[in-house]
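The structure appears below as structure tokens.
Going in written order, the chains are labelled A, B and C, and every chain counts its residues from 1.
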Amino acid sequence: MERRNLFKASAGIAAATAAGFPSPGVSQNAAARTLRFVPQANLANFDPIWGTQYVVRNAAAAVWDMLYGVDENLVPQPQMVEGETVSADGLTWEFRLRPGLLFHDGTPVLAKDVVASIARWAPRDPMGQMIRAIQDELVAVDDRNFRWKLRRPYPKMKFALGKTGTPCCFIMPERIATTGNATMITEYVGSGPMTFKRDEWVPGARAVFERFGRYTPREGTSSWLAGPKRVLVDRLEWVVMPDPATAANALQAGEVDWWESPISDLVPLLRRNRNIAVDIADPLGNIGSFRMNHLHAPFNNQKVRQAVMMAINQEDYMRAVVGSDTALWSVLGGFFTPGTSSYSEAGGEVMKRANMDGARRLLAESGYANEPVTCLVGQDQPLLKPMGDVTADLLRRLGMNVDFVATDWGTVGQRRAMRNPPGQGGWSMFHTWHAGADAVNPAGYNALRANGNDAWFGWPTVPSVEAGITEWFDAPTPETERAAIDKINRAAVENVVYAPTGFFRSYQAWRRNVSGVVKGPLPFFWGVSKS
Amino acid sequence: MPDGATVAIPPGLAIAQAMPDVLPPVRARRGLWGFLRRYPTMAIGGGLLLLMLLMAVFAPFLWTKDPTSLAPALRTREPGAQFWFGSDMLGRDVYSRVLYGARVSLLVGFSVAICASAIGLAIGLFAGFIRLADSIVMRVMDGMMSIPPILLAIALMALTRGSVQNVILAITIAEIPRVTRLVRGVVLSLREQPYVDAAVASGTGTVMIMWRHILPNTLAPLTVQATYICAAAMITEAILSFIGAGTPPIIPSWGNIMAEGRALWQVKPYIVFFPAIFLSVTVLAVNLLGDGLRDAIDPRLAKKL
Amino acid sequence: MWAYVIRRVLATIPVMAFVALFVFSLLYLAPGDPAAVIAGDQATPDDVERIRASLGLDRPYLVRFGEWVFRILQGDLGTSIFTNLPVGHMIQQRIEPTLSLMLVTLILAVSIAIPMGVVAAWKQGTWIDRAVMGFAVLGFSVPVFVVGYLLAYVFALELDWLPVQGYTPFREGLFPWLENLILPSVALGGVYIALIARITRATMLEVLQQDYVRTARAKGAGQRSILFVHALKNAAVPIVTVIGIGIALLIGGAVVTESVFAIPGLGRLTVDAILRRDYPVIQGVVLLFSFVYVLVNLAIDLLYTLFDPRIRY
């Protein structure tokens, strides 16, 4: 019998003892090894390729490992791969896996598993699609080596395989990865540092993960998805709490250890508690979006879109969404993540200062004929509901005919896919947000694409934005990249691909006996310990 | 002969009451004072309800602001001179919202009470009098009643777009079976009465019997039941809004104000507190009115007061 | 009587059939698209369409209803669209907290409400009666979530006597289990106590005026014996009826209570499923709740004959 199993068995006995005969010593020990975490949302499904919500990715990142992983500077570092060689023409990529990689069922991770995983992921991912379009072949050479041959160079390859934006390229066993990407996987055999306890999963309430003892971490220091993923607790329990007040109570009472997304109004309350630490969750934050339907009146009219963008007071949105704490939000003059090298305010003056009178004039000029503006607002989303309220007020003051559809996020999800006119089941606008980590550059920024029918909901057609994006992908130097970014930003503002409603960060909070919590676009459970 | 208590409580009565006797009330002393002395609960309930009604109707003249106008820069202000009941997380005036919110709650309460009673009465009379229809109708009602009303209302709300009309419709549908059962129970018990037998024997038509003998005797318990339905509907509306399946949030209703404020319950309790008080007081008023009415038309209870 | 029992049992079949059809139709007609939710915010319209087809959501009504009923008759409640877990399994995972909550609430409510109602009837017109009736009216008038937050604030946060939220399974000990259930049960029980106390008082008042009570009194029976033996026994039918009917209030209230106290039960499963339009789960849960409710009231109907042999059918 291996030592790991021995340990597992004794841990099991300890747990059983704790459960059967509550004795303070044992249960306290067990409690110290169990990290209880309140996630931002319910883990409703667990196929990170099939469903692309952030919450699924966050859980999946602990269970499945990736070939590369971005560090806190968003530079992709090797994770499962030992290294790669690229041919001089940039067309042939040879990857080599590092030794000792195991799936949770004990079988080794082989190149064929990787190839199957990439093949399932690529069609679901905007960057993956781009690579697939220029792919010559993707083959396993032997157990540890695989080769990806392209017809054109794709310099952002490592970023594509290691980015945080959904879907991430998680590596699964071949038999699971060959599941069609329209079907949900039913087996959760991971390759990462934690195993998923399927039998303890209660969707809507709980998800349980355990340390995978035979995971081999990399050497070096840990930084976001890069470096060693050393899990320091035995067990991670996700406790789903849909009501923020309940979660705040639980954290104060010590019933949970770490809350991913406390609402900012409750933060003062948490700060008063000396056992609780509060900090920014993700420095890259989020970008709020006022998404318009470019196919139908009134937002098929560029001037109407411009009028709305001019009328928007991002400060109102931000106060409504994240509160009065001005350290948490800022007004945007562009579409990319502020604080990163790609943030640009080219052409973005109009976004930064609300001008209601100018907006009314522009609306009058536009020939707006009082067509109803069908606003889809998901009431069950704490970030989107207040945005919708501000919008209703804004459009009414602007003099537009507001048709406010208050519904749940599921219905928004259905209706926003309809291309019919608003009166026939379609829509005019909805709110959403984009993770700052996805908006750091055009590669993963799905919502900025303006290629008509292939674009994201709203289907904007703006050739100048698309031209800018192509230029960025082909940019040989940082200067040309920058020029391309400015071009994209200017075109996106002028044509109002969508109207950003501001940049905001959110908090996370944890009990002080938990250490190792880092800021990042997702919660990283490795490196976190509890005393 | 079965006694009053056992027969008169049909197994479907949601907020079941002792069934009043179908006799006219003992004559009250004359004048307002006499009325107040005789039926204090009814007087208090009615008074409070009237107050709420007046408040709802005259909300625009009671120093309110536009209940939907936003001022994010002035959000979550404590109650004070500027915002009597404080402001919510969008900077809206809670006082104005609460006053306007009375309109929605009262509208939903009264509409559901009237619609459910009217439809339930019609179906109940029909079922009570026509044996063939009875088993079919009552099976359908049993089916509807075997879905707990809030669950049924939530499911119905999932069908449609959130609007006050749809909330009224959903709650009405959920309440109809209970009224139907009540009315049918009364009809079945009355049918056994000698004077109805006599009417049937003398060849009076079914419609005439219903009109002359059954309907008047049904109205009293139905009125009492209607007040309880009204109270229940106001709470159901609040619960629907609370879980996000009710009145569209753009309309200030007490349920919506509470739903919006509940996340801040610990730090800004007044956002939940004020609508909660108003809702509770209004429901209380309706319940007291119902109790008073029941006592008033139940002579045996009235005698003991 | 046996004929009645059989007839009454058989009568539940069409009721359940109606419920099945109703529940299925209702959710079939519902707007909102699970495919869109599953696909996620960053999904393209093609993704949504593909997922919808893979879930079979694009097939006709009768086909889907037929399949659903057929599978249910085999004991298969289907598979959740979101979790890909069998609905039966999900319900099984969630049933213990809800059952526990209802059971504790039921016991608590009955043991508080009946004495309250009896005493109120006995002391009719006194301040005790008024206090009981006042409490009952309040119980009806204050929404369950307000009571819930108030209790959590006072007893968990300020006084720190009881846990704020959560649920401890029964197998981890009676006390931890009970500790977590006290506040939710009191919050949920408010309306139920009010309901039972009122009906108890009302029927007791009726019964106390009956001849046989007067006879018992005349014969010199003790006050307690009159109240709890003669009168309460005769008042039992409406009281038990209301206890059964009140289960609906508990089910409805559990939805809210479980949210407030973060109890991972069926109520929260229902709300989550409805908001996410997870059809198989909604259908399974509503069907189950209805089934339980029908069974409880069937049992009570049959109990009538036990409690009150005067009722003949």
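Here is the rule we use: a residue touches a chain if its C-beta (ideal position, glycine included) is under 8 Å from a C-beta of that chain, and two chains touch if they have at least 3 such contacts.
Quantities reported herein were computed from a predicted structural model and do not represent experimental measurements.
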Self-check item: Third chains touching both chain C and chain B
Solution: A
Self-check item: Interface with more contacting C-beta pairs, comparing A-C to A-B
Solution: A-C
Self-check item: Per-chain CA centroid nearest to the all-protein CA mean
Solution: C
Quiz prompt | Interchain centroid distance [CA atoms averaged], chain B/chain C, Å | solution = 21
Quiz item: Taking each chain's centre as the mean of its CA atoms, how far is chain A from chain C in angstrom?
Solution: 39
Quiz prompt | Cα-centroid distance, chain A relative to chain B, in whole angstrom | solution = 46
Practice problem: Provide the list of chain B residues touching at least two other chains, using ranges where the numbers run on. | Solution: 161, 244-245, 262, 265-266
Quiz item: Listing for chain A: what residues touch at least two other chains?
Solution: 243, 245, 249, 380, 407-408
Practice problem: Hunt down the residues of chain C that sit against at least two other chains at once, touch-wise. | Solution: 31-32, 149, 157, 259, 275, 277
Quiz prompt | chain A residues touching chain C - in the complex, by the definition given at the top | solution = 19-20, 22, 42, 44-47, 50-53, 56, 124, 165-166, 180, 182-184, 186, 201-206, 239-243, 245-247, 249-250, 252-253, 255, 380, 407-414, 416-417, 419, 432, 438, 446-447, 454, 456-457
Practice problem: Spell out the residues on chain C that touch chain A in their complex, using ranges where they run on. | Solution: 31-45, 47-51, 53-54, 80, 82-85, 90, 93-94, 149, 152, 156-157, 160, 163-166, 171-173, 176, 259-262, 264, 268-269, 272, 275-277
Quiz prompt | Interface residues, chain B side, partner chain A - complex | solution = 68-70, 72-73, 75-76, 89-91, 161-162, 244-245, 248-250, 262-268
Exercise. Give every residue of chain B touching chain C within the complex, in rising order.
Key: 2-6, 9, 11-18, 139-140, 142-151, 154-156, 158-161, 231, 235, 238-239, 242-245, 258, 262, 265-266, 272, 276, 279-281, 283-284, 287-288, 291, 300-301, 304-305
Quiz prompt | List of chain C residues in touch with chain B within their complex | solution = 11, 14-19, 22-23, 26-27, 29-32, 124-125, 133, 137-138, 140-146, 149, 153, 157, 195, 198-199, 202-203, 205-207, 209-210, 234-235, 237-238, 241-242, 244-245, 247-249, 251-253, 255-256, 259, 270-271, 274-275, 277, 282, 286, 289-291, 293-294, 297, 300-301, 308, 310-311
